[in-house]
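Paired with chain B in one complex and with chain C in the other, chain A is shared by the two complexes that follow.
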Partner chain A sequence: MDRRCLLVIGAGILLRLVLFTAFPSLPTTLAQRVEISTPVTSYKRLQEGIYLYTHGVSPYDGGVFHQAPLLLSLFSILPPSAIVTNILYVLADLLSAVSLVKIASSGVATVTPQHVSPRKDNSWPPWATAAAFLFNPFSIATCIARPTIVFTNCIVLHAVAAAVQGRRAPAFVSLAMASYLSLYPILLFPPLLLLTYDCSKTSPKPSIQAFSAVTTVLFSTVLMIYFKLSHLLTGSWEFVASTYGVHLLLPDLTPNVGLWWYFFIEMFDSFRAFFLCLFQLHLLIYVPGICLRLRKQPLFALITLVGISSIFKSYPAVGDTGLYLSLLALYNHVFATMRYSFFLAAAVLYATFLGPAFYYLWVYAGSGNANFFYAITLVWSIVNALIVADALYAVLRDEHETERPELIGKDVVQI
Partner chain B sequence: MDANTQLRDAALPPGFQDDTNAAAAEATYKNPPPEAPETIRTRSWVIASFWIVAIFLGLPLWHATTTIYRAPLPMQEMQNWSEGKLCKTEFPLLVEVEAPPSFPDAESLLKTVQHALDDANDFAAHKPHHLRLRLAAKKAKSATEDPKADKDENVACLLRLLPDSRNGFNHTVHSSSRTVDIHYPPPSSSSQSSISAGLAKFVAEILEVLFWQEQELIEHLLLPQTSNPGSLNALSSQSVDESRDKKTPPARPRALTADINRRMSRVVKYSPSYHLTFSLFTATSTPASWDIESAISQYLTPLLSALSSISNFTISTQVQYYASISSSVTPTYDEQLHAWTLKKEDLSSFINSAEWPLASISNDPNLNFILYIPHPSITPLTIPSALHSDSFLLPQWGGVTILNLDQNPAEHLSHVTLKPAMETFATHLLALLGAPPHPASLPIRLDSLTRQRSAEVLVSASSTLGSLQRLVNALPSISIPATVSTSVKDSIRHLSLACEELRKGSFVKALEMGRVAQEEAEKAFFERTMVAQVYFPDEHKLAVYLPLLGPVSVPLVLGIFREVKRVLAERRTRQGIS
Partner chain C sequence: MTPTSLVSRQWLPSSSPPLLQLLSRLLSTLLLFSLAGSTVADTYDETLLLQPLSGQFLLASFNFRSHGPIQAFNKQMFQLFPRSLGQILQYTHTRELHLRFALGRWDSELWGAQPDDGQNAGGTGVELWAWVEADNDVEAEARWTSLNNALSGLFCASLNFIDSTRTIRPVMSFSPTGDYPTTNTTRLFLLHGTLPKEPVCTENLTPFLKLLPCKGKFGISTLLDGHKLFDASFQSMSIDVRPICSATTGECDIEIQQNIDMVLDISRSLQRKDSPVPRPRDQHELICDATKSYGSTEYCYPLDNSFDLPWSLSDLFGKSILGRCPFAVRSDQEVAHVCIAAPKERIVSLPEGSDVTQKTLEDGRRCYTLRDNQPFDVFLPKQEPPTSPHRQEPLLYAERSFTGHGQEHGGVKTVLRNPSTTDAVEVVYLESLPWFMKPYLHTLKAELLPSPPPSAGKDAGKVISELYYRPALDRKRGTQLEAKLVVPPNSVVIMTYDFEKAVLRYTEYPPDANRGFDVASAVITIPPHRRKSDGKFVPATSIRTTSLLLSLPTPDFSMPYNVIIFTSTIMALAFGSIFNLLVRRFVAVDEVQRMNLKATIKGWIGKLSKSKEE
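Moving on to the complex of A and B:
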């Protein structure tokens, strides 16, 4: 890690500490924003759970707290002071930035065993990737509002960093932790498996079947250990229904930036179960296709799946988008081939500023209604989907140009 | 230039006529090189992966989440119940006859009476009642004093034959037991047989009189069930009334039907518990209080406890001062009677429902009993046209008694003053509950009420089951939760138990079972989740599925379509080569 990296990371941490100390009311204000905190990540609900837990009441009584039990034990051993908590969140972001630097320095984004990007010289240095995360407004807001998605993101990045170094055990122990904390990272298992396989340096290389069998066993064993620990901590299996059940069945229809809440408010009761299955399946259906198509660049398959789940999961927040955009910065060498960069950047800004305004009009001013906010979440989701699609296009074109160098610079027409 | 090119030239817009232009375009246009087989394979796999998830996960989930759950219902059995096929409602009544030891040939007397009764029954084809006579055992003598022992034996009535030389054949009905005394002139040795024949005839008549009212009523209740099962489509006794009106057989005397209808129209719908509200409405500030608690406990509680096998009662009381009767009711002074009178038309609007607080907070059906004390200026207030000059009954609602006090009324109404009013209320209550007005014996009337109510709940429960069965048949799209199935089975089980108890003659138990059966049947019929999907026709389902699934499936379908086309083309070229 060079000096520039350290400088950028130091600056990012300083910025967060300054925001925490200079604006003491900022964390509370941001924690109440529905765009940042969701029922399954909210810091306020976490505090409620900790209170119940430390007073000997089951934290899942009352249906407010929907987060994993291990988070409870982490926060209950910490001294109950705001400074310590804030520092913990800043440390998580620090670890995320370090992981990003590691991923960027490994160069997996440009050079994989099956694929070498013709644009590999255009790629940004590692410090720039770290900066894209540390100075990303979505990441900053998420860190200040302190939802627990910060830890999930940090652990996902750590898992990817371990994977690009070919360290299987840390990668999958981390991914198991991320899945345990917020369920949807389990979708990243196949691309992470491919990434680890491609990057593993053991020789001779085992066959992919043997490799994935061992990894699956490892992953599920670790996951089971987490579950058993949680069971020991809370004394019952109640937490399964109140954490993963909430992710899967969407009992809490608090508005968020996702597509689910409005849809399921309007849904006929008899079709609710069907559409819940449909929406969950919709997330799942992309996994095999993308892993197959992007077999040469598993890291990008993983990033695309992060992007897809940040749009279509049941309780998304801007923190998920922040993670996706930071990871996408690893592929800045293909940005040149993206077709709608300007439009997408403008639309992201548009949705970011109009979203809170419309929410205010609906909830506080009363001059708008739920459709205002829903419309802007639709725009936000469309923009994100377009970013995912355009980035996918850019990477596929890059891949295509390695096979057909004579087409560099030609327009692509669909036949 | 041949004809062909000429034609083509004519069809092309200017500028395309030059042949050299076309040739130049062909030169720059180059066919793309064929795709690598590996790329094609990957694409097939990608398309297949989407379809595999959709078919192997999507379809089963779609099936599992949208199938309408229909718990199995015993449909045939339900239909049979509603058509009255499974239970021939019978009310075997056991009549004990107690003859003095001096009576010569009691056995043969009984036989004669039984014959007479059976003959009468044969005329009216399907009467549910069967009177059966039995000679009382000697020990039964002591049992007559204890009404409870009576009940255990399920004796409907005890006839005591008593020789009485004074005034020929006559009978007295005891008001507080099931005993009926029959007096007959003591036989002289010469006319032994004629006395016996006369007595037999008399006893048969007495028994007919005792039970005919109830018989008619119950027959009435059961009639729609046996005569036309198809028309049974409602649960309330009201509609049973209606359908019965239409189907009264012509043989039945009109006056009798009218009488039964009149009585039935008063009766409140059966419920296992009722709420009784006793209200004192006084037009002035006096009397200020009443001794209602002790009055109820003295005059009403015995009746209520006797009724407890049929229904339970809760009681509340209230006193309201300066309560004026409705402004539309104006009493007129009658010089002859020296009293203020109310016309019959006034009675229906007597209750000042706008101002009198008579709304009940109880969930049970409410019966109101109002003691009204008129203003001194219109005292005494009477109703000369009515049966009782100071009270009247409001069908299905309650009773009103007018209490005329002297000019300087006491501040407090003692329970002695309340006694006549309470007795009137008791009569009203029995009438509202549907007890027959005859005979004079209260236990016999209550027994009769029990039988009547059991018939009612049986009819109601079985017709509810029938309605549910027809509903389920008519609407194949409604879901049937498991709770409905268990309720129906419970209801049927209790129906057959009730039927069995009826046959055994233990009517209290039959009522109990029938009550459960009715409750369960209604619970099943009114299950809320059942009708949720009734108003959801199939074209609406299309509107639910299509907006989301339509766009999603377009790329999937196109993908597979293109793949199929490619495979076909490949096969064709391969065939062409070979």
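Moving on to the complex of A and C:
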């Protein structure tokens, strides 16, 4: 890690600390934004959970708290001071930035055993990737609002950083933790497995089957340990239904930036179960296709899946998009082949500014209705989906050009 | 004369035809004879208390109480106990039942403490609580459900909508009022349900009157008429069934007590009598304050309470009491059926020729015994200067309101004020909130005003001594919050907490979704205690706040198809564009033969024209 990296990270941390101290009411204001806090990550709900837990009422026997028990016990042993909590969140972002620097320094984004990008010299230095995360407004807002998605993101990045160094155990212990905290990172298991396999330095290399079998056992054992620990901490299994059940069944229809809430408000009761299954399967269906097609670049398969789950998971927030965009910065060398970069950037800004305005019109001013905010979430989702697709196009084009260097700079079509 | 007053005239006994009078006399005689033949073990009392309140209001409390041996009740031998209700209670193993229908707000600032220490009042809408005997929780729940369904049919109220989300099991607030010498009290389950939105109306009064032995045909219940009752500023109907046991003999009776409290606005009722359609008063009818400098012949500064309004029973209720209920008679004593608790100075006169016995009690009440088949009326003439009615200071004033704005978050603020200068009040505060109102208990704060001096120690500002909280589960149960707190003398406790408003599925909204959702009244119970300052015993008292109207964010109800289509389109678009990239190969543009649209169309046209020529 060079001086520039340290400088960037220091500046990012300082910015967060300044925001926390100079605007003491900012965390509370941002924590109430539906775009940033969701029912499964909200800091206010976490506080409620801690309060109930420390006063002997099971927080999982209620409709407010839907977060993992280990998080609960972590926060209940912390001193109840805002400064300590804020520092914890800033530290999580610090760790995320360090992980991103590690990932960027490893060069896996440009050079993998099966693929060497012809544009590898264009890639940004590690400090720029860290800056893309630390100065991303979505990440900053998420850190200040203190939803627990910050920890999930941090752990996911840590898992990836461990994977690019070929360290299997830390990678999958972390991924298990991320899945335990917010369920959907479990989708990242296949690409992370491929990434770890590609980057593992053990020789002779075991076969992929043997490697994945061992990793699966490791992953599920660690997950079981987390569950058992949670069971011991809360004394019952009711946390399973109250945390993962909420992710899966969507009982809380609080608005967010995703597609689910309004769809299931307006859904006919008889079709609710069908569409719930469909929406969950829809997320699952991308995993094999992307992993197979992007076998040469498992890191990008992982990033694409992060992007897809940030759009289509049940309670998405801008923090998920922030993670995706920061990870996407690792692939800036292919941005030149993206087709709609200007349009997409403009549309992201459009949705970012109009979203809060339309939400205000609906909920506070009463001069708009729910369709206003719904329309913006549609725009937000389609824009993010197009970013994912366009980045995928750029990477595939890049990959194609290593096979046929003569096509560099020429128009191509897909057949 | 309007047709309505014509009709009401006809039913006045004085103007009823002689034949009808004869028939009714015959009937009641027959009834009495048949009663003498059988052994009526049940006793029945009915009393009406008329009490003028400050601000030209009149409280009319109707009380109907009957009790009989519980053995006969258990063998389904009903005498005065209503069979319909009795069978429901037996079928559902309900040992004690309390049902309340209430409308309006009791203005304790003006009227003082509620009658009977608030024991007969309920929260706005319908409130029901019962002790159900069962082996376990599940059985109690099932019996509670069937009790609600049966009572719903009996009282024409939506009691069947008291489901698990509106049912709570209070821990500190309620305690049984009946005696249970033989029943194992661990088998008794207390369940409590509220319907704050229920509009109480005539269809609930009719079945209520049918439970009475005289069914509203004789006695004080003849005054109860939907038009008058539901025109009152505050009204509350209650039914309480409980077993009572004699401490000396150990014999148990089952008691049913029906109560109606109504607060009539005297001037409004009198105006209704003169003209059923409200109209502004003529200028000469206005009472103006002539002492005001800005008053003139054109401007009137209204003067309140310059004299006591004259009223009679028939003015206020549209009719006088018809005879007496033959069951409400004791051979050994004169029963006081109607009592007037007016100040001593207030003149009460009876119509000429009525031979009603009047008795003045020690506390100044004037009580009257009704006579068979004789209409009863009292008249209180206009009196100047006005008398000041006795106002009993309530133990506690309670107000509850919402804070915040918008349809996302909000707060609840409860203000409890203890007017006593000497005694602290210990209260149990109970709230039953719907599941879509999600309180944050960590934001619950109780602030004491005036705040105790810092020298009083750290715990001096601590008001809440005990807290019971059961969080809501989405669509399964509501929140139950019970707090035991102490309000020191001459001080105010302000309790606040934040909550979040949930968004519901579009099928869960009522048809008038933008009106909002009613949140049940908070129940404040003051347990029986001995007053510290003078050692006087204070019986259990309840106070209920008003219900609240919670507005939730609403979706667009016309959109289900559009939303399904739009969202599905977005998902299909994302899926399509990503899978398109995944499954197709890249080639250079010049490597593929592209379809030449122009040439193709030209070719088609050429073919067509060829076939035409042929």
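Quick notes on this one:
Definition applied: the second predicted complex is superposed on the first by the 413 of 415 C-alpha atoms of A that agree within 3 Å, B and C clash if a C-alpha of one lies under 4 Å from a C-alpha of the other, contacts with A are read in each partner's own complex, and residues count from 1 in each chain.
Following the convention adopted for this analysis, a contact is a pair of C-beta atoms (placed from the backbone, for glycine too) under 8 Å apart; a residue touches a chain by one contact, two chains touch by 3 or more.
Please read all numbers here as calculations on a predicted model, not as lab measurements.
With the two structures aligned on chain A, chain B clashes with chain C. Touch criterion not met for A:210: it reaches neither chain B nor chain C.
Shared-chain residue A:61: touches chain C; no touch with chain B. When both complexes are overlaid on chain A, the residue A:48 reaches chain C alone and has no touch with chain B. In the superposition on chain A, contact of A:369 is made with chain C only, not with chain B. In the overlay built on the shared chain, the residue A:91 is in contact with neither chain B nor chain C.
By the touch criterion defined above, A:269 reaches both chain B and chain C. Once the two complexes are overlaid on the shared chain, A:411 sits against chain C while remaining clear of chain B.
More residues of chain A lie in contact with C than with the other chain of the pair chain B and chain C. By the touch criterion defined above, A:82 reaches neither chain B nor chain C. Contact with chain C, but none with chain B, is seen for A:378 once the two complexes are overlaid on the shared chain. The contact surfaces that chain B and chain C form on chain A in the two complexes overlap at residues 268-269, 282, 285, 289, 293. Interface residues of chain B, counted against chain A in their complex, comprise 33, 36, 42, 45-46, 49-50, 52-54, 57-58, 61-62, 65-66, 532-533, 536, 544, 548-549, 552. Residues of chain C that touch chain A in their complex: 405-409, 435, 438, 440-442, 467, 469-475, 500, 502-507, 553-556, 559-560, 563-564, 566-567, 570-571, 573-575, 577-589, 592. Per the touch definition, chain A reaches chain C in the complex via residues 32, 34, 44, 47-48, 50-52, 55, 57, 59, 61-64, 251-255, 259, 261-269, 282, 285-286, 289-290, 293, 308, 311-312, 362-364, 366, 369-371, 374, 378, 381-382, 385-386, 388-389, 392-393, 396-397, 400, 407, 410-415.
The touching residues of chain A, counted against chain B in their complex, run 268-271, 273-278, 281-282, 284-285, 288-289, 292-293, 295, 403-404.
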